[in-house]
Structure formats: structure tokens, C-alpha cells
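Presented sequentially are two complexes of chain A, the first with chain B as partner and the second with chain C.
What follows is the complex of A and B.
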């Protein structure tokens, strides 16, 4: 059974009387204990999709889906409050720019403690307060912060970006979630810190069997940690499969170009030669092409591409393209 | 924190320095003799004039005159009133506390109602309640205080007779003036009608305080609304929602404190406005305060009184400003702690 099963989720933005389809019928399925990467350029709707899953989008955005199952429970049939309860109980999220995601006027300790489940503590209120403190310290230890007292007392602006992200992970772990959504957790961080954060996430996945949805625009960087990958382009589903499938046999022209655009030490590039890229850039939300949104940039594009392709599945390798590279392998 | 305190006190010192220079220069800019303007003694004889020249260093350079003036102010000598020949310090002692009382009551009302209303408007952003509060704020801001005060008197004291229309306390109560603050004086007095007097003083302050508070309150409504809207859009509110906290918890623990940080500093700024409004309201409500006293002095061309009133009211405003800054630092850890790391 899938942990999370989403089919044809669309997110519409209403602004100035216009409706813009920011995310167009994206499907996503996650199994227990897997690490799935969600890859796409900036502006491809990855973060919006993640925020829609956890339900923190504001009223401007309208989310619709054909199927939204969490552990077999159809969330679409449940009232909003109940849905929120189920999701926030089992799903946690860490954001990019961790510093801005921590309340600047509350100490780290307070912010971790408020995420803890109150029903787990017993006794009088001072005993509960003590238990809360200990639980917060334990969480800080789990994410590799040894000086829990100093850290709990400090305010977000006193910590570095990487430390703030560790605190965010600690907060996410407070509810012992089954799924952790990590939205570019290492954006604007140094390489060593990035590796540490990824290692921490991987160990949590292995030790606690926690599924992770890892969102990034750097395919190469996250592919080392993920079991499965889903690729998005401009709010549309492109391709999904195991990391090996995506890397070794990319079906979709976009994925192929994405992989080819990553320079490798092994490939011999001639001096001053151009790197492989797709022409053009990702379209803005006001000027979306009809049909397959990659159309104007796609090397394989033909007349048929003005109609959005259906998702086809080949042994778990899903692709959404009329003229895929499947037969070439 | 020490650094912050020193910076604030430094600011206080230099503003007061500037203020005293302005006040001192007024005695030269006002028409008439500088010495008479400074001392207020219009009928001084030859001998007294010589004494005053000695006192104010009028025969020496302007700098010496200024230091002498500062010395006199610090020893509590603001000169005497040109019109009544009573020492200005005595008049200030009589009238200033009444103004402070009125201003603080008005500030209290403005904050107690303005800030929560602004927060409510922000929480119900773009809903009917938000629109109603905004309309109320717009109307309240546009109404001039002199008209509003008259309407209040007409409605609540003449038609409904709920509140008295003028004065600070019924003359029936014999309360000895000690501090000048009516409420404190009543509490200090051993009158057997203490409770009644307290109630009477309260009834007297309600209408003027409301009249003064309305305009600043509407400003606080809008400040609080914008500040709360900014906070509610921020990433940490999103993260708090993702934690699964309830809306009430988010507003109470994260929203209010962060938006207060944005407002508190501006309270001091708008307090100057409130003092000006209070001066007009004092005249209408026959409130025996420094405002109405100062306006009378301006009509009487009582230059000494104008100087003294300027220093007293401006210092009071500065003091509230600095106080607001300290409140700001208490709320905002970014000001209190050094920044570590990146």
C-alpha cells in the first residue's frame, strides 16, 4: 500500500480575476520508507505542490485532485479540519531558508517544545514542563546538536543557517512523522553542511523508516540519496521512476536534456565548447503554452504536442510524452 | 542590552541639548529684551535688573549666557510668568500633571482598543469585519477633535447626562494638591469621601480621554493591521501551520508578539501627535492642564511661559519615546542579543 497516493492534483492561482494553472494534473505516489526526489527547475511548482500536500497554502490557491489518499484513507472525503489533523500528525515539512521559518522573537527551545505532542506527558504542569524540556533536548541530540542548553536558549538570529535547518528538522521530528517533506533543505548552504544535512536525513530514513520527499532543483546532487525520482516541468508531470531508470534510460526529452546538461568529470569537453542546454527558458505563469508546456523548447515537439499527453507507465517507469525516447533503449 | 541603553540615553541627552538650545534662542528671537524674556520680570527695578544680569550672565558671551540658563533650569528656575508674575515652575507643577494624566489615559485607551481591533481586522482580512473596522478607522481619523469633543459633550453630558462636561473633579470634594495628579492626590488624601471622589475624577476623565484617544487609536488600528498582515504572510507562520498548531495558538504565540515589535516603536512617534490633540481638547473640556495653560500664554504673549511649557511638554514626549524604545527592546530579541554566525 502506498503511504501517499496523489493522482491528477491541480493547483490554480486566482489573481486579478484570472485563473492560472500553476500545477497541472501531477501524480505522485510514495511508499513506506522510500526517499523520493522531486526535481524541477525553479518555478516548476515543486514547492507549491509540497505546500499543497501539507495544506499551508493560503486562500489565493485552489487545490483539486482526483485522488488524495494517505495510508489508504481518502482525504478528499474528509472535512477540512480532520484532513489537516491527519496530515499534520503524520507529515512534517522543512523549508528552504530555515532562518526565516523560525519565529525571531521566540527562543529555539520554545519553538521545539510547542511542536511536541502534549498528550504524551503526564503529571502536574511543572512535571510536564520538565518532560517537555527533556524531550526537546533529546530532539536536539538526534539532529546532532550537542549543546542543547545553549541552543534552546538562543534565538534564530544567533544561529547559523545550517544550525537553523537542524533545528527545523528537530521540530519536524517532534511529531514522529511518517513522511518528511524537505523543500530544498540545503539551499544556500556550504557543501560540507549540505552533506551533513543529507546524511542526517538518510540516517533518519534508515533508522526510523521515515519516508522522505526530497525537493530540489539539483538533480545530480540529490540523486545520490534518493531511491525514486519524479521530474516536473512548469507545473506538469514529466517523468517518474527509480533513480537508475531516470538516469540510465530517461524517456522524456526534458529529463534527457536535464541529465545531459550536468557536466561530468568523465566526459571530455572541448575547451570553450558550449554546454548542452535546452533553448529558451521556463515560461512564466502568465504565458503558459497549451498542451505539453515543454513544447516550444522541446527537440522532439510535433503538432500533436498541443494536446497534453497522458501518463504512460512501463514497469513502474512513468512518462508523459507523445514522442518519448523509450524505444531507443 | 547595555549598548542599547547607552545609545538610547545618548539620544535622550542630545535631543534635550538641542531642545534647550532652541528654547534659549527663543528669548532672542521673541520681540523685546532678551533678559526680560528669559526671566519674565517686566517690572524689575534697577537693582533687580543688575541681579538678573548677574544671574543670567547677560554681560558675558552667548555661550556663558546659555550655560547660566541651563544652570537655572536645572535648579528649577524657569523664570516667572510675564502675565501673572507667578514662577513658571509653580504653574508647571500645577498644570503639567493634569496633562500627563489626560495623555496617559488617552494613550491607554488608544492602545487597549486600537491594537486589538487592528489585529482582528488583519485576522479577518478581506472579510466584512475587516471592512467595518477599516471604515471606522477612516472615519475616526478624519473627524477633527474639536468637533468630536463638542459632539461628545452634547450627547453624553447634555442629552444623556452620563458624564460631566468640564473640569477634572467636582468642587465639592476638597482634595489637597500634592503631586498634581488628581488620582494620586485623591488616594493620598484622608478625605472620608475618597471613593466617591475617585469615581467622580474617573467620570470627568472619560470624555476628554475618548476625544483625545480617537485619532491616535485609528492610527494604531491601521498600524496593527498592516503589521499583523505582514507577520501572517511570513514563512515562520507557514512553518508553524505545518507543525499542526491551531490558528489561535499561532496568533497568540507567534503573531501578536512579532507584530507588536513592529508597532511599539511607532507608539512613541505618534505620542507627539496625541499631546497636540490633548492641548485642544483641554481647552474645550476646561481641563486645567499645561495645554490650555500654554495656549492662554500664547494669547497673552507670555514668552517665559511659552519657553517653560515648550521644555516641559517636549521633555515629556521624549521621555515617552525613549520608554517605547525600551519596550521595543524588551519585545525584540534581535535588539537585545548580539548576532552570531551568518
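What follows is the complex of A and C.
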């Protein structure tokens, strides 16, 4: 059974009497114990989608979906309280810029202890406090911080970005979630630290069978770590499939351009030659093109593209395009 | 003929108070020397605190070097002489959007360096601004826009226009490409390569992204704790990294796992 099953999720923003469709009929299915990458450039609605999953969007946003199932339970039909209970128990999220997400006035230890489940401890209050401390130390060990004492005593500004992100992951692990949503966990981090964070996430996935939804704008970078990829553009679903399918046989012109625009060692590109790019820039939410939103920038665009294409599936490789590159492979 | 940029024994020390009576000197950058020709790109990579931003600061004149000198076309660049340096060495920062003044139009932003550094009259200035905007792929209509009316990639283009409007010889990018989206980054790289060919610019690129570095740069310098641990042609260094840090960096980004 799918852990998370979303079909045709739309998110609408009402502002100044206008309705803007920020996310347009996106489908996403997550199985138990997989790492799925959600790739899209800025403004593609990937962060909004993640926020819709954990349900932290405010009243301005209207979420509608044909199907929004968490382990077979339809979340959108549940009252808010029950929904919150399920989400806080099973889903955790880590954000980009961990420094700004941690409370600067509390020490790391206090913040981790706050996230722990109080009902698991027993005994008198001093015994509970001791257990709490031990549990926090254990969590820090789990994310690869060996000096738990020094770390627990320090404040966020005393730690590096990568260490803060580890602390964030530790806090996320406190409830032993089934799904971890990582929203650009390594943005503005150094390359070697990025690899460490990804390795940590991968080991958590392998050892604890925790599913991970990895959100990023760097297709190339996260592709080493993911099993499946979903690509979004400007709020619309573009393509989904296994990492190999997406990389070796990209069906959608957008995915193809994205892969071609990254210089790689494997493609024998002449040094300093011009890269393949799509013309134009990403449309803003106020000026979205009708139909397929890639339309004005797409090399394959034709008259038909003013009608949004339906999602087609070929052996698990889904694509949403009228003129896909499928027949070329 | 002298090289475009020649750096000799450039170093930087900071003094920190260690106790009441003594000051401790911390060396951020040990003496380094290198040369850079026109139309060449030097990439600088290293960990946080390895002195790569200090090097950029010294070159652009935002900090005073402790020892050493920088010469441009055989001419010595004096520290503190901004009039001379501003014309030839320009810099672009990581968040292009934050470096633009939100209360000025694009025309005013671009006019500022011209007013301060040249003696052009108004018409010449306007022509210059138009020509520069065209070079970076923006329209003359954009002159009267304010920064918030542009997207991230366009803002980056504007800061590039501001950097090249004085016809510099060296442009420094401090992580300027990292925050851009993939398709915009490719557009930007193409633009930079074109401009390098047209104007004979030399680039100094500070970056983490090995793939971009490999595609874009001719020479590479690896810094660790203020010391140059590797220096040479990009292809040679990356194909056969000797230093521990370089090896780790290359490995961490290349084929860590592709099942």
C-alpha cells in the first residue's frame, strides 16, 4: 500500500479578489521506504506542495484533491484535529537554512528535549528528566554527533550550518516518523557537508525504513540519492519515474533541457562551449500562461499546447506533454 | 608582455586581542602568487574559512593586504586608490538581488559607477547604459524599472551589467552562480562565456560546484587554511587530485552513487 497517495492536488491562492492556481493537478505517490526526489525551479510550487501535505497552509490557500490518502485514510475529509494528530505522529519536516529554524535563545539540548514524547518516560520527575536527557543524547548520536554534551549545551549560533541541520534532523527523528520531508536540506551548504547530510538521510532510510521526500532545485545533485523523481514546473506536473528513466530517457522537453543544461563529466562537452538552455525565464504567479505553462519557452510547443495535457503513463514513467520525446528512444 | 593580472606574495593577517597587553596575529591568507591572462578564468575552491573570500576582497580592494602587491598590465595597483581599481576590477556577490538599491531605478543604479568614475556627459552615459543592458540581454525599456519588478535571473543580469559598464578587465564572482535556478544558471554561464569572448574579460570564480568549475575555468586554485594546496590547469587537477581536500570534494560530487 502506498504511504502517501495524492491524485490531482490543486492549491489555489485567493488574493485581491483573484484566484491564482499555484499548484495545478499534481499527483504524487510515495511507497514505504523509498526516497523520492521532488525537483522544480523556484516558483514551481514544490514547497507549497510539501506544506500542503503537512497542513500548515493558512486560510488564503485552498487545497482540493481527488485523492489525498495517508496510509489509506483520506486526510482532507478528516476534521482538523484528527488530521493534525496523524501528521504530527507520522510526518516530520526539515527546512532549508536550519540556523533560522532553531530557536536562538534556547540551547540545542532544550530544543531536542522539547520535541520528545513525554508519555514514554516514567517515574518521578527527576527520573523523567534523566531519561529525557539520555533520549536527547541518543538522538544526537543517531545523527552522527559524537560529543553530545558539548553540542547539547551550545546555542544555534555556535554551531555550523551542517551541524544545525543534523540537529534539525535529530528533532525530526524524535517522534520516529514514517515520512521525512526535507525541503532543500542542503541549500547554502558546502559540497562536502552536503554529501554528509545526504549520506545521513540515506542511512536513516536504509536502517529505519523511513520514507524521504527530498525537495530540491538541483536535479543533478539529488539524483545520486533518490530512487524516484518527480519533476514540476511552475505548479504543473511534468514528469515522474525512476531516477534512471528520468535521466536516461527524459520524455518531457523541460526535463530534457534541465539535464542538458548541467555540464557533466559524463557528457563530453567541449570546455567553455555554450550550454543548451531554454529561452526566457520562469513566469511569475500573476502572469501564468494558459494550458501547458512551459508553452512559451518550449521548443516543441504547437497550437495544441494551450490546452493543458493529460498525464500519460508508460511502464511507471509518467509524463504530461502533447509532444513528448517518448518515440525517440 | 606582462600578464593581465599578476599577484605576488599576497597575504593577509588579522590582529585579534588575545589578552590585555598582547595582540595575536591570525594569518588568513599565506603569501600566494599567480598570474591571469585576458580571456582566462581562474576558479578558486576551498572549505569555509580557507581564505577564498579574503582573496577576492584583497583583489577588489575591500581589504588591505599585509604583504605583497597586485599589478594590472604591469601597472601596480595601489591599495586605497579606488578610482584606479574600480575601473578595472569589479565584483558580483552571492545574492545579486540584495546588492541592488531598491529605491533606485535601473538607470540610476547603472549611472552611479559612470558618474563616479568617468567624465562622460549625460548623453554618452545614456548610450553606454543602453549598450550595456543590451549586452546582458535586457531591453532598453527596462531602464525605468525598479529592482523588485525583475525576477531573480534578471537581477543577476543587472548586477552583471553594473559590473561590466566600466569596461573592466577582471570580474570576480563570489558564489554568484550558486543561488540561481538550473535553467537560469545555464543562461548566465552562456552569457558570461560570450562576454568573455567579446570583451576579453578575465574571471575569478569562487564556487563549490565542481561541474560548473570544470566547464567554465581554465585554471584552478585549491585553498586550505589560507595556503594554496593545488594550482594548475583545471583538467589536470581534477583528473588527478593530489590533496586530500580536493579528492574529497571531487568524490563527494561525482558518482557517489548511481544505482
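Following the convention adopted for this analysis, the second predicted complex is superposed on the first by the 323 of 329 C-alpha atoms of A that agree within 3 Å, B and C clash if a C-alpha of one lies under 4 Å from a C-alpha of the other, contacts with A are read in each partner's own complex, and residues count from 1 in each chain.
Going forward, a contact is a pair of C-beta atoms (placed from the backbone, for glycine too) under 8 Å apart; a residue touches a chain by one contact, two chains touch by 3 or more.
Since we're looking at a predicted model, the values are computed, not measured.
Of the two partner chains placed around the shared chain by superposition, chain C is the only one that A:274 touches, whereas chain B remains out of contact. In the superposition on chain A, A:261 contacts chain C only, with no contact to chain B.
Of the two partner chains, neither chain B nor chain C is touched by A:21. Of the two partner chains placed by the overlay, only chain B lies in contact with A:175; chain C stays clear of it. Look at A:114: by the touch rule set out above, it reaches chain B but stays clear of chain C.
Using the contact criterion defined above for the overlaid structures, shared-chain residue A:85 touches chain B, although it does not reach chain C. Within chain A, the residues touched by chain B in the first complex and by chain C in the second are 160.
By the touch rule above, chain B contacts chain A in their complex via residues 234-236, 238-245, 249, 253-254, 257-258, 261, 331-334, 337-342.
Those residues of chain C whose C-beta lies close enough to touch chain A in the complex are 47-48, 151-154, 178-179, 181-187, 189-190, 193-194, 208-212, 214-216, 235, 248-249, 252-259. Considering their complex, residues 41-42, 160, 188, 190-192, 194-195, 198, 217-221, 223-225, 227, 243-244, 257-258, 261-265, 269, 271-272, 274-278, 281-282, 284 of chain A touch chain C. Chain contact summary for the complex, chain A toward chain B: residues 51, 54-56, 84-85, 88-89, 92-93, 95, 97, 100-107, 114-115, 154-155, 157-161, 163, 168, 171, 174-175.
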